[in-house]
Structures are given as structure tokens and as C-alpha cells.
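Handing you this structure, nothing more for now.
Naming follows writing order (A, B, C, D and E), and every chain is counted from residue 1.
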């Protein structure tokens, strides 16, 4: 039985996995950070679908929010010198 | 390129290994006994509408205390690493954030703080709790810090908040031994009316303490990192 | 006991004289082979008297002083521990002190003492002579002991008396014929131990002290000359007892030992001299193999 | 192929973990390694939550149709959620620490290339 | 019992509270932390006390008042109490050690330290799988901070590698824990046991994941590069915490989880642990950085304990003892060593030489190293004994082999390090190492604890303990009295030795009696020499006492354990003694390697024998059955390393010659006899053994022959007096061995008499040479000459010594020659006999050289003012001389008692004694073949000599000594001694003839072996290329390999 949830989930997983591929292959670190933030967002939707609103909130707040910002801060502090060759 | 293909092969084998989990997985029909127990008895035993909260704060409270400890440690270590040699040095400012960001964050800031507090105070009733609330507060601080690098929450205040909430948490846990059945037992306070703000025994207090502590710690981490003078900036 | 000592002294006196005469004869033979006229056979006595009469006041140290004493004591001791004539009370000497192993080991008593004395002379060539002598001796020792062992196995005894007793009853009972291998090994070893050519580089003419040394002269020399009369005799008697049926009379002993000594003389006049390492290698080859053959022979074909 | 919510979630989780591992093992840049770690963790978290999921059930919160009485019939397992909650926070802590380490290392050598930090070896 | 939650409360509460204090109160900070640590220790101590002496029972402490699995519970049993106590002690003393550091610069880290130890406590106590994960992460993050304690150069990158690895590992663990929950519905460990072994494929994977994660945390080879870097990069005190504290806790976690693992998992853990132990130690050999070296050692030890945990079913009852024995040694020793490293500051092995300025610290350093090397009396020694025995009983021969090799490699680098520290000459110690009391206390306490547990530990062994402590107490007493001057200590030790002999000798019989006499008399004679030393000779007397204690305990031993215990004590003591020599470090090292390798073989041999017979007495050796030849070979090689049989001899020349003057006779004249005693017991119990129809005794007899020929040949080409004597010992031990292998009455008589005469001769000669050295400070013979004029008494001793040794009548050495010939004949070992004769002939070469080159010839200019050796050096030689003369005149006195002892084993074929017509019991010895009367020979020779000497004196009355160069040489009167004294390359022609026989085959062989071992190590350790990412790849590969092995392939 293909429900809405499944369609959503398939879409989400495709999105997450492509996001992950972007995150680990991106040349620019900033893109990778954004992609990983996106993954976290998708993941929190995953969690919602999996009946875990608590986890979803946490993932959104910490994974998508704080972590991403933190990456950017660190990136800004190191990048001015150079990025990955 | 040899190395890359090796790694790719390794990852493939790893995926294959994990795939056994997928192939062995059988969707369970019913809850297992622990989950069943929680879902059946939580309300009468702990009295929180959100079973996850009950599990997090009470049943597996020791994990949560550990979790708070992890954040505490992280904050301490980061503070130690980043500020050790910088004693007495004037904080050199990083480049300024954009105007829009700074304005937006200034508007959003109070709201975010209030949201965070709401989330952790209501942790036992609705999704969310101390960590989520704390994270929201932390994000708010982060935003404003990004917008205005000169912004710094008073470290003293942060320390006080962090320490007091932490100590309170531990003391509440300890009270569990004396007043109730064990360490971190939430029943040191009456369970109250189910579904109300002041219910579920000590959970709201604990979650508030966690929220404050997490918020303060995250803010501390963010301020620490943000204020670090990198050699080039 | 007193009787035994008296007999031993008589035996010693007779044999030392025989030794002097034989040494003279040998030198005569050497001279004749070299187409020289040579010395009279009694020359040794003249030498002895002459050296005894000469006095030296020189002493390089205590060991130097004691060297010839050690040497001669070694020769006399060796002789006294050897039974000369089978079954004879008079010429049985003091052989009750020990068996053939005692003889084997005791011959080094004098050598060692002499080497020490020579060493103290401070003459550099002394050391060279000693090292050569010792080195060659180690090589000679091996075939000789093999032969000795063969004899001991064959006759089940280390006692010279028993060994000779077992060889009685005709010439074919001699070890020479019952086990020619070990006799060959033993007799080749004898060449080395007599330090006659071709194994005489140890003595090396004038400079080496075991030969007529420069530092030892006068009455030191007298002791050494006397030793040269008794020490080879003792060895020859030992060989005679081991391989040639021993002697039932003193005359028989004289003949047999003369033959034994002559063997080394004849070899000596017909071969050139070996260097030390050559002689070591040689002894560790031919006589060693012969000796081992002898033992194998004894072990597998005679018992 | 079993096409259900939990299967898809598990599979996605596994794939995320694999991709994350690829990044961890393959990227030279320390920051990107850390990013890959977060991807890996996210995958793991999805996997865990999916293991606690029962099809057709809802969140274990007494609210609306979910009552105290039918909680055990309609709600999913709260435990994996609680565990993941903890895991996420801990993961954040570790990530933050790693980032600060990266900063510290960068301060010394001015590079984020992991290949440059091989002074200790053998 | 005090609830463990108080530890949590105190730890966290104070840690949180300290944030309040801020900077101003940072002075209080550390004191508060200290108090907290003390309270941890006190609480856990109270648990231990209550479990050990009270009637406490194992109990569960629920959290939140719900029963597990619905809440997290802490379990407190005896095991938990002990481990928690250990960890807390570590915390307490780490804090103390770091006091200054934390107090001055790093007040922020003090709470982190506190939380770390709180976390470790919880890790030990918690019974919840996920809770373990949380505390694992707490540990990881806390360590991540502590690694950066001070600004070490590479701390940051090391810490980062650590974080990478631990993140990956904890992710694996998390997945495992969750899967366990998924498949069983519980996270409570004891639940999983109650339900029987966790079943089902998913559960299998789950258990695998949790356990492999803990295994990975324990740094299995080769997935452990990150850990090595941390050990090297972090502050040593932090490394101590990681190694001792965290390692202990992790091991306990693994132990805790073992109850959910099946036998297959246990086997995997065992193999992983053993491979780690082996390779980690192997790779450690090439290591030059002290902290990294300790890291290798830590990882190795953890691997061993991990394997022991995996083998707990095999080990049965003894599991706890074995694990604790090794754990305790590792715990105390590794912490102590890291701390010492922290004090020293440098990271090169050589930099530890500064410890020489602090003897006490050096002593403790030695204690730690030897505890790690499993020497008695440390707990690891007992544990290793039990471990090997238990494994042998279980027929796990492969495991035994791995453990033995691992132990050997470990000893290689530990002992080399010790040698470098104590004796490396390239490092000059100029100033005193600064230390402060807070650093010394922890180290001292841990060292003391090792000694305490060393004594205490043996009571838990599986063996009937039958040790005599009196000699060991003497050793300890001498350590305490070490401040006294030499002569006092010397006297004390001599009196003690004689007194002990008075007590012990009547209790001993036969061979034990004979050897005891040698050891005690030897101690007495060699100690007399010691009066010639001035000053204090710090450390000398306890070590001497230790060696002699080992020796005397050896002959007192009546069971395998006491024997091995004494053997190891003796080995250690002699090693230290040899190490005291000026340039003896490399030689002492190789001595130790051979001895230790031999000891391991002995241990394994004993264990094998025991596994067949079940006996712990020497009777275990008699009825080993099919394994007999193997046991025999192992034990024989073990003992032959001590007697320096050819091939195993290369340690001896250096060790004996480079030792101090009075140590050389001890180790050469006396110590070697320990090996003979071992062989004696072995041969007595096992007799002839056959491999493929070949009698091993015959093989050994050839070994003996080659040993003595080789030893003597080598002796004859030495230029160094003591080396010459040392090689001579090799040869003589060959003769003794030969006697033993004859397995006949005469053969053993020869061997035992040889033991005694060798003891006398070698002691005499080494002491005489020592006397020469004391005056000339030179051992190279050709640089001397003419010493007879300066040291006539010593010359006489050497003369008597060499005559006696070379077996020339009338001295007692001839007895050996006579016996050997007779024994050979009656046994029929003719060809070997010829070899022995050749050896005897060669003996002349070196003996003559020994007396000729230094003593005769021309006196060298620089020796003109040399004086005779001092009285205390001469005195023991006089005594020995008198003994030799007595035995020479009356050989029956020596041979008859030995004969009666031998006769109990070989009743036939002995000597018979016939009365002679001289008094004093001079009797003629009669063998099957020949006869000999030593008294006659002596008397006759003396008379002849006296007569001739009298004659000479008569005719040369006015003889006088002439000047030195009064000789004629090449028609010149020489004037320099150098050109007129040939001494160098003395037997050139001999070498030309048979030099090929003394090619350094054995040395080359062992060099080759060590090169191979090292180069393999060097190749393997290249996998640790320092790249954190590569380490992760190792981890993943390791994980995957285990995964697929465990889950039955793809």
C-alpha cells in the first residue's frame, strides 16, 4: 500500500541522499556545510514521519541550526587563509 | 587513485555489512516489553503527557544527566582550548555581519528566547524539552553573535546560570534518593493534574534546569568560538 | 715401599744412561745421512759434564730459574710413572700411582713449566717457540689420544700392565698387528710429540728456547740435556707398551724403544719441515682419520 | 523490495551512513571530514528512530486521539527516540569539539589538510 | 553501602559548582577537586572493605525508583568495587601529580578531570547498554580536553585523531546497543543473560557491534594508530590516565559485556587481544620515543588482559586472579612509568638517564619495568605462571606461543630501556632532576603497591606456595641499610650468608647440598673481595644478596613454582649486578634476553609437564608421556641458555668480562652452576628422550663437545683477560654438560666434580685477574707484561689456577680429565671423547697465554709502579688455593661424597676406593678401566721437584737476578719492552690452521634473527603513518573483517 507517507519518504530519501552526496563531494566547504544542514532538515522531516516529533525538533534545532552555524563560524575563521585544494 | 578506489570499495563493503541489518529487519507487530511498559504505565507513574520526555527525564534520567555533562564538558574544554593563551588579550573583532542579518537577528532575538523557554517548560506536555529549548536559545545567541561580533553575553551571568541550574539538577536528582524511590525520581513533587503545566512531578523543573543549562552552555560555546582571534582575521 | 723407590732409582739411572747413548747415536746417524762425520756416540756425556761444570750467575726471575727444574722433574716423573719391563718388580717403577691417563697428562707438567721459565726470560722468541709448541701439541694430542682410546677399548683397560699383558703370547698379539690403524695414528702422533723433523719448526734452531736456548746455558743446560735423555725414553717406553707388546726384559725394552725412536729419526731425515699451521692441519687430517678408523675397527670388528 | 516507511527509512539511514563514511575516509579537508561525520550521525539517527517505528502508529504523546488508555496500542516505541535525542546532543558536543580542534590545528599549521598532520607516527 | 550515586552527585555537583567560583577562586578549585577525588576513593574503598571483610552483598541501585530494564540501574559487586577503587586511586593520584599543573595554568581542566573520573566510575557500575554509550562519550570528550593539557607540539593533532576514532567507535557501539534493544526489548545487561544467550541473526549482529566497539576502544592491533599517537602526544600524566584509568575501566566494560557474548565472540576477543599483545610488543622494539614506547606497551598489556577476558571460560577459577594479577601490574607500573616520564620531561629513551641523579626514582623506575616484565615478586609474575599453566591444561598451545613471544618482545624493549637509563654512557647527568613532592608521592605509592600486591598476590595462586622468605627479607634489609659503608654491609652479608648456610645446609641432601655449598662458599669467597672497595657502593649489596638468594632458593626448591621463582629472582639479581659494570649495558642486555627467553621456555616446559601429570613437584617431569621429548627440549634449551651452550653463548663473554671485578667470579664461577643444577634435575627426572629414534642425550653430548671446543678456541684468540676467562667458562660448562649427558655414574661424577673445580678455578682466576685490573686498570693482555715482578703472589695464584684448570697432574684438575676419559670409555662415546681431548689440549693454549702475556716477558714501562693486589683481594684466593691443594693431595675427599650422591641415581659403574699405604685417607680410585692415586702423584712429583730444585740450588749458589733487558736479541741488547714481548695475536698460526672453526656463526645468526625481527617490526609499523584518516581506514577494515568473520562470511 503506497501511502502519502511513503511517497513523501521516497522523495525525502532521494533528497537526503543526494544532499549527502553533495555534502561529501562538494568542492567548496560552504556548499558542503549547506548540504549537511539540508540533510538535517530533511532528516527532521524523516523523524516527523517516523512519529518522533521530539527528535525532529532536536534535529532541526541542533543539527540543522546550531551545527550549521557553527560550521560557518569555523569556516570563516579558517577559510580566509585557504580552502581545500 | 588507488587509495580512492580502496576507500570506495571499503565503503561499499561497509554498506553491505550494514545491509545485513536491513535484510534481517522484520517489522515488529507489537511493542516490545519495555516500550509496552512505558506506554502503559508512564502516565500513572510519571505523569507526563509526552512519554518520550518521561523516558528522557525520569526513566533514563541518568542518560540525560550524562548528556548534560557532555555539553558541560564540551563547553569547558572549548573554553579551555580557545581561551587559554588569550588571557588578558583584547578580543579582536571579526568582520561585521551584514546589515540585514543584524537587524533581523535583533528583532528575532527576544522571540527566540521566549520560544526556547516555552519549549523547555512545556517539555512534559508537548514535543520538545530542555535540549530543544536550550538549542533554540543557543541559536538565538548565535544569530546575534554572527550579526554583531561585538556582542557578548556576560560570561559571569552565563556561569551563574549554568552552575546554578546544573547544581539544582543534581540536587533534585539526589533528593530522589531521600524523598522518593531513587536517584532522579521525579516523584519528589506531587504528580499533579495530568496534562497541566505543573504536573509530572519534578520533570518541568528538571527540564527547565536542563534548558537553562544547555542554553547557557551553548551560548558560552558560541561566544567562545566567535570571539576567538584567529591569527589572520 | 722403600724397595720400590730403590728399584725405581736404579731403573731411572739405567734408562737415563741409555737415553744419553741413544741421543748420541741418533746424532751420529743424522750426521752420516748428511754425509758428515759427526760426533762420537758418547758426546752427550761430554756435554753433560761440561755444562754441569760451567756456572752461570744469571737469573731472569724465579720462573726462569725453575723452568729447567720443572722440565726435568716432568721427564723424571713421567718415566717413574711408567712401567718399563712387564712383570718386573725392579722395572715396574712407580706405576701404581696411576694409569696411562696419568702419563698422558703428566707429560705436560714439564712442558708447561719450561714454557713458563722461557717466558720469563724476556726473550721474544721464547714466546714464539712456546706458542708454536703448544699449538702443534694440541693437534698431535688428538690422534695420539685416539690411538690410546683404541688400545683401551681393545684391552678393556687403561692400566699399562694390563695392556701389555694382553699383548703377550707372540708377535701377532701386538697392537701393531691386531689394530694397525691405531698404531699408525699413534706413531704419526709420536713424530709430532718428539718434535723431530718434519715437525721440528717448534724448535727452530738457535732462537727457540725449547731447543738449545740462548738464555739457558751452563748448568741450566745440564738439566735440560738430562731431560732430553729421559723424556723421549719415557715416551718411547709408553709407545712400546701400547703398541709393541711391551718388554719382558730390559734388553727387549732397549731394542724396542730404539726402534721406536729410530722410526722418528728415519722419517725426520727424509722429509722437509712443515710450518706450524701446516703440521696442525696435517695432524688433524691423516692421523685423525686413521685414529677414527682404528676406533671404528675396534668397536665393530673386534668386540 | 519491501516498500514501507520503516524499510525506506532504514535503507536511507544505511546509505547516509555509507556516504558519510565515504566522506570521512575520503576527504582530505578536516572540516569536510567533520561534515561527513555529521552526515554519518544523521544516518545513524534515522536508522535508530526507524527501528523504533511501528507502521501506522503515532508519536507517544497523549494528545487528541491518543489517550492514556490507548497509548500502548497507537503509539510507537519511545525508547529509541529518547536514545536518539541523547545521541544528537552528544553528537553536537563532539562535533563542536572537533571543530574547535580543527581551529586549533589550523592555528598552528595554517592548513586543514589531514595529510599534513602526520608528525607522530610509527 | 554508600550509594554510588553519591559519586555522581559529588562529581557533577562540584564540577558544575566550580563554574560559579570564577577565576578569583581558582586556588580553591584544585583543592575542591582533590577533596572530591579523595571522597571517590574513600567511597570505593569502603565498598571494597565491606565486600572483603564485611558481609556486603552484590546489590543493584535503581535510578528513578524503577526496576531495570525500565530504568538504569547501577550494580555494585566485589568486582565493581575493586575496579572502581583502582580507577579512583588513579584519579586521586593523578590529581595530586597534576596539582601544580592544574593549579597554575589549567584550572578550567580540573573539573574536566573530575568529571572524567566520575564518568569512569559510572562506566564501571552501570548495567545499561546505552548508559555505557553516554559515559563512553563523556570519557572521550573529557580526554579530548585533557590531551591538550599543556601546549605540547603535537597534542592537537593527536587529540583530533583520538576524537575521530572514538567518534566512529561510539557510533558503532550506539548502533549495537540500539540493535540489542530492538531485538530483545531491553538494554539491561543482566536481562540479556536471564534470557539466555541472545539469539537470532539480528541479535547476533547487535552483540557483535557492541562488543567489537569495546574491543576497538581497547586498541586492537593494527587498528590502534590513533591510540599510539595519543600516548605520544599527550602529557604523560594524561597518558597515564588513559592507560591505567580508562584502560582499566574499558576492560571492565568488556568483562561486563562478556556475559552477553557467545563462545565465538569470546574467541574473537581472545585472538584480537593476543595479536595485539604480540604485535604491539613486537613493534615496540623499534621504538625510540619513551611515551610512544609506553604506549605500545600499554596497548600490548591491554591486549593481553583483553585476551584473558576472552579466555575466561578456559581459565576457569583462576580467571579473576590471572586477570587481576596482570591488570594490577599494568595499572601501577604503567601509571608510574608515565608519571616518571612526566617528571623527566624528555621523550627520548636516553633522556631518562637523568634519573640517575635520583636513586630512589631510579629504583622505582626499575620496579615498574620489572613488574611489567613479569618478574617476581610482582603480581604479573604469579598471574603469568597461572595463565600459562591454565592454558597448557586447556591445550591452547598456540595461545601460549603467542603470549610467550609477546612477553619476550616486551622484555626486549623494557630491559633495553632500563639498561640505557642506568648505564648509557653517552648521556652525562650533570644536574639533579628537579622533582616536587606532589609528583613523588603518587609514584612511590604505586611502587609500594606493586610490592605489596607482589607479596599478597601469591596467596591466590593455584599452586601450593612453598617459598622461603628469609633470603628475600635479607635483600630487603640490605636495601634499607644501603646507606652504610661498604665494609659494614659486606660483613653483614657475609655473616648472614654463613649463618644461613649453618641453618640450611643440614636440611639439604645430595646434589642440593653440594650446590648449596658452592653457592654459599662462593658467596663468602667472592664477598671477601668486596672489602677492597671503598665508599658505599650504593645498590651493590642488595643486588648481590638478591642473586645469592635466588641461587640458594633454587637448591631449596622442591616444586616447580619455587624453582621458577628462584630462577627469576636469580636472573634479575645477576642482570643488575652485571649491569653495574662500566660498559656492560649491551652485554647485560643480551644476557637478559637469553635468560628471559630461556626462562620462558622453562615456564612453558613446566606448564606442559604439569598439564599431563597434574603435579607441581619435580615429579611432574617424570611421567609426561608423549609430550616428553618436547618438554625435555624446551627445558634443556632453557637451562642451556644459562650454561651458555654453543649457539646460546654469545651473551656470556661480554657479560662476564664487562662486569665488575668481584662480580665476574660470581657470575662466572657460581651463577652458571644454576643452569647446571637445572639440567641435573631435568636429566634426573626425564632421562633419555628420543625424537625420531634419536637419543637427545647423544645430541646434547655433541652440543657439549662443540661447546667446549668452540669455547676454548674462542678463548685462545681473545686479547682481553676477562673475555678469555669468560670463553673459558663456556668451554668448561661444555665439559660439565658433557658429563651430565653421559648419564652414568662416572659421567655425573665428572660433571659434579667439574662444577666444583670450575667454581674454584674460575673464582680464583677471575679474582686474580680482578686484582691485576685493580692495579693496572687494563684488561688487554698484550699491553701488559712482566707483572710477575710486580705482583708475584697473584702470579702464583694464576699459575696454580691454570695448572689445576688444564688438568695437569698433580693438581686436582687432573681428576676431571681422568674421570672424563674413564666415563667416555665406559659409556662408549668415543668420538665425543676425542672431541673432549681436543678441547682439553686447546685449553692449554689460552691458559698459557693468560699467564704468559701479562705476567711473563718484559715488564712494560707503565707498569713499573704497579703494586701487589690488596689483601682483601688476595685473601679469598689464598683460601681457594688451599682448598685446591687439599683436593689435589686428597682427591678422595672431593670425589667420594659426590660419588655417594651420584650412586643413588646410578648405582653401578662408579669408582671403588682402595686403601693405600699413605695416611690421611689417601686412597686409590679404581674405575672399570684404570686407577689413579692423587696422593701418590702429588707426593712423588713434589719429591722429584724438591730434589731437583735442591740440586739446582746447590750448583747455582751465587745465582742472581739480572736487569730487565739483559738478554741477547738479534745481536742487540733491546731497550723497549714493547718490541721484546710478543703478546698480540698470540696464536696467529693456530688461527690460520683452524680459524674457520671460530667464525662468529652464532653471533651472526642471532644478529640476523634480531635484524629480521626488527626489520619486520619496522615494516609493520609503517602502517602507523600518522594520518588520522588512514587510522580510520584501519579501524573500518578491522571492523569489517571481524564483521564478516563473525557473521559467517558474505
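Basically, a residue touches a chain if its C-beta (ideal position, glycine included) is under 8 Å from a C-beta of that chain, and two chains touch if they have at least 3 such contacts.
Just so it is clear, the model here is predicted, and its values are computed rather than measured.
**Q** Check every other chain and keep only those touching both subunit B and subunit C; list them.
**A** E
**Q** Quick one: which chains contact subunit A and subunit C both?
**A** The common neighbours do not exist; no chain touches both.
**Q** Using mean Cα positions, find the chain sitting nearest the overall protein centre.
**A** If we average C-alpha coordinates per chain, E lands closest to the whole-structure average.
**Q** Between which chains do we find the greatest number of C-beta pairs in contact?
**A** Result: the chain pair C-E has the most contacts.
**Q** I'd like the Å distance between the centres of subunit B and subunit D, where a centre is the mean of that chain's Cα atoms.
**A** Here subunit B and subunit D have centroids separated by 15 Å.
**Q** Averaging only over C-alpha atoms, locate the centres of subunit D and subunit E and give their separation in whole Å.
**A** 51
**Q** Could you tell me the distance, in whole angstrom, between the mean C-alpha positions of subunit A and subunit D?
**A** 10
**Q** On subunit C, where are the residues touching two or more other chains?
**A** Answer for subunit C, listing residues that touch two or more other chains: there are none.
**Q** Hunt down the residues of subunit D that sit against at least two other chains at once, touch-wise.
**A** 4, 6, 11, 15, 19, 21-22, 25-26, 28, 47, 51-52, 59-61, 75-76, 79, 81, 83, 85-86, 88-90, 92-94, 96-97, 99-104, 106, 110
**Q** Where in subunit B do residues touch two or more of the other chains?
**A** 7, 10, 14, 21, 25, 32, 34-35, 38, 50, 52, 56, 59-60, 63, 66-67, 70, 73-74, 77, 81, 127, 131, 221, 225, 228, 230
**Q** Under the stated touch criterion, can you name all the chain pairs that qualify?
**A** Touch list across chains, by label: A-B, A-D, B-D, B-E, C-E, D-E.
**Q** Enumerate the contact residues on subunit C facing subunit E in the complex.
**A** Subunit C residues touching subunit E: 1, 52, 55-63, 65-66, 68-70, 72-73, 76-77, 80-81, 94, 96-102, 105-106, 108-109, 112, 115-116, 119-125, 127-128, 130-132, 134-135, 137-139, 141-142, 145-146, 149, 152-153, 156-159, 214-215, 219, 223, 275-278, 280-281, 284, 291-292, 295, 299.
**Q** Along subunit B, where are the residues that touch subunit E in the complex?
**A** So the residues of subunit B touching subunit E come out as 6-7, 10, 13-14, 16-17, 20-21, 24-25, 32-35, 37-38, 45, 58-63, 65-67, 69-70, 72-74, 76-77, 79-81, 83-85, 156, 159-160, 162-164, 166-167, 169-171, 173-174, 176-177, 180-187.
**Q** Which residues, counting only subunit E, touch subunit C once they are in their complex?
**A** For subunit E paired with subunit C, touching residues are 786, 788-789, 792, 799, 803, 806-810, 814, 817-818, 821-822, 824-825, 828, 830-831, 833-834, 837-838, 840-842, 844-845, 848-849, 851-852, 856-858, 917, 924, 927-933, 936-937, 940-941, 944-945, 948-949, 952, 955-956, 958-962, 964-969, 979-983, 986-987, 989-990, 992-994.
**Q** Which part of subunit B faces subunit D closely enough to touch in the complex?
**A** It comes out as residues 4, 7-8, 10-12, 14-15, 18-19, 21-22, 25, 27-28, 30-32, 34-36, 38-40, 42-43, 49-52, 54-56, 59-60, 63-64, 66-67, 70-71, 73-74, 77-78, 81-82, 126-127, 131, 194-195, 214, 221, 225, 228, 230-231.
**Q** Can you check the complex and tell me which residues of subunit D touch subunit A?
**A** Residues in contact with subunit A: 3-6, 8-9, 11-12, 15-16, 19-20, 22-23, 26-29, 31-32, 34-36, 38-39, 42-43, 45-46, 49-50, 52-53, 57-61, 75-76, 81, 84-85, 88-89, 92, 95-96, 99-100, 102-103, 106, 110-113.
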